[in-house]
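After this come two complexes, each holding chain A, first together with chain B and then together with chain C.
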Partner chain A sequence: MDATYRAEPPDQIIRENLGAIDALYHRRSGATHLVAAPVPQILDALAEGPADLDGLMARLAARFDLGEGGDAARQALGERLAELVALGLVRDDRPAD
Partner chain B sequence: MSEGSRPDPQDAPGPDAVSGQSGGASRRQMLRLGAAAGAVVLTVRPGIAQAATSVLSCEIPVPDPARASQAVAPDGTMVPKGSTGAFPGGRTFTGEQVRTGLRGGNLPGTSYEESQAYLNYVRRLQHGRSGFTCYASLMMPR
Partner chain C sequence: MRHRIGLAVGPATFRIGSAWRAPIDALERLYAAYPPVDLDRRVPDFTVRLQPTRPWRRLIRPSIAIAGDHMLPDAAPMALDHGLLAAEMGMNLQMALGWRRHVLLHASCVERDGKALVITGESGSGKSTLAAMLGERGWRLMGDEFALLDPVAGTVFAFPRLVSLKNQAIEVATAGLPPERLGPRLEGTAKGTIRHLVPPVEAIARMAEPAIPRLLLLPRFGFAEAHRPVEQGEAFVRLTEASTNYLALGETGFRALTRFVREVPAVALDYPDSATVLAAVEALWSEVA
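Then we have the complex of A and B:
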């Protein structure tokens, strides 16, 4: 039931760090996104390879202090991922039936 | 000069913020996944970047095709062909050429008076006439 999230291929995104924000030029859409935390961190974690929500949570938790309680953080991550999927920066592969 | 005692860069203690390095679990950065929801992404759509170039390459026909049978008077109004002092028109200028003209330059291939007549025509362009959108975008502050 859980979706597997997949980062865009690295050659599709040109990334420039501007301090507190990153500018991402997405070749496929031609759009430029200015993103702030936690988006660059999520994309970095996903760049290690496809992962489902729990797998990605584990990667982020190993690297950062996520502060909030587990369920709240997990739900928030799901919301951020949905936004990134809507932007085309992340793909979610639903398991085929 | 302390060339002999320069520490090996690999051994040098880095600046305080060695961020992004995994493994250093002692002082982990805080990452709020839920904070500022909806405000973490600002997207610049490609159309905005293209608008700047299209303003310079868009075209303004003088006069517009619907009035091609008429001539352009010095004040930019349309008059019958052959009217005294009127210019034949039948030219198409790019946004960049018109912008240069509005700043005091001449339109290419025209005399000063002819250029002024055509620029007056452009200034009188109204919504719905060919070239109006191009002229309007030239006038937009950027």
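Then we have the complex of A and C:
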């Protein structure tokens, strides 16, 4: 079964838009991250509530034109989420079998 | 320590102790115009000690080790002839590792009409030389090494220590200045020849006055003249790299630097010589001031 992704609580991340990039300050780790599209959009979509990869794809597709390459977009989203999990900005709760 | 002096530079106070007389004599001469610090009546922010690497080394081929509140474990010992440089390096180290009241930016800074030009860049970019030259040409020198950014007010405070000029910059920046404003030529240091310059009297007298940052300049020496605006994100990265205490300040540092890059335009400036950079700075300043 796919992992369920969950955003950090909103009070844990301070986000400042600096033109083409967003600067994120992660209170729990004290780390600063610089992120460009589509990461801020992914974090916004995930902030609506926990979701698996398909659920998050659906939220993003409702807001942005993801074009014809649905599989490629899904793969890219999975990669970005894995990076965000590694940074500690997103948690993936794998449900118990 | 056998010899000591109290110094105030900007908002910071120092006790410099030395096993030898000569470095303290040099500091007394060069810091004569700075406000005195009575070490019997107040506790300074930082202590720097210049001490022999071995007890007998005070007399035989003396070699200085820099010690203090904050230390780098692998700092190399220095020759006694470079005692003044050791004291300056020790003071810089205390600021870089220990100061918490401001976001410390490794940058030079000059002021005009209450507004500050903050200049940051890697070693060799010419930020010290440029600040020193502007300080002799109608700007108030706020510092050649550190600019102190107030995280609440967003203003910058001065740290006008002795200006440290290196190699070719010595002749460029000290032409026409009286010898009493210059320290001894220190040959053969790790960074080549170094000569210290006493800031103008006005820079020292007004060192407690903050200024509102108005332009961030990122110069590069040794290239044909060119300038380009720097986006907020790049400026933010450069400032976090230039800050020695950004990580230690946590959220305070983050908020201060994001605010800075939003409010202060940034320009990267390449230049081949001092005449070009001085003219370019005046032109850029007239656009923002």
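As a convention for this text, the second predicted complex is superposed on the first by the 96 of 97 C-alpha atoms of A that agree within 3 Å, B and C clash if a C-alpha of one lies under 4 Å from a C-alpha of the other, contacts with A are read in each partner's own complex, and residues count from 1 in each chain.
Just so it is clear, a residue touches a chain if its C-beta (ideal position, glycine included) is under 8 Å from a C-beta of that chain, and two chains touch if they have at least 3 such contacts.
Given the structure is predicted, the values throughout are model-derived calculations rather than measurements.
Trainee: Have a look at chain B and chain C on chain A after the superposition and call it: clash or fit.
Mentor: On the shared chain A, the partners clash.
Trainee: Between chain B (first) and chain C (second), which does A:34 come into contact with in this model arrangement: first, second, both, or neither?
Mentor: Both partners.
Trainee: So in the superposed three-chain picture, is A:79 touching just chain B, just chain C, both, or none of them (first/second/both/neither)?
Mentor: first
Trainee: Examine A:87 and indicate which partner it touches, taking first as chain B and second as chain C; both and neither are also allowed.
Mentor: It touches chain B, and chain C stays clear.
Trainee: Mind telling me which of the two, chain B or chain C, contacts the most residues of chain A?
Mentor: Partner with more touched residues of chain A: B.
Trainee: Identify the partner contact of A:63: answer first if only chain B is touched, second if only chain C is, both if each is, neither if none is.
Mentor: first
Trainee: Which parts of chain A are in contact with chain B and also with chain C?
Mentor: In chain A, positions 30, 32, 34 sit in both the chain B and chain C interfaces.
Trainee: Per the contact definition, I'd like the list of chain B residues that touch chain A in the complex.
Mentor: 22, 28-34, 36-46, 49
Trainee: Would you pull the chain C residues touching chain A in the complex into a rising list?
Mentor: Going by the criterion above, the answer is residues 231-233, 236-237, 240, 246-247, 250-251, 254-255, 258, 261-262.
Trainee: Could you please specify the touching residues of chain A with respect to chain B in the complex?
Mentor: 29-39, 41-42, 60, 62-68, 72-73, 75-77, 79-80, 83, 87
Trainee: Show me the residue ranges of chain A that touch chain C in the complex, using the header's touch definition.
Mentor: Touching chain C from chain A are residues 14, 16, 18-21, 23, 25, 27, 30, 32, 34.
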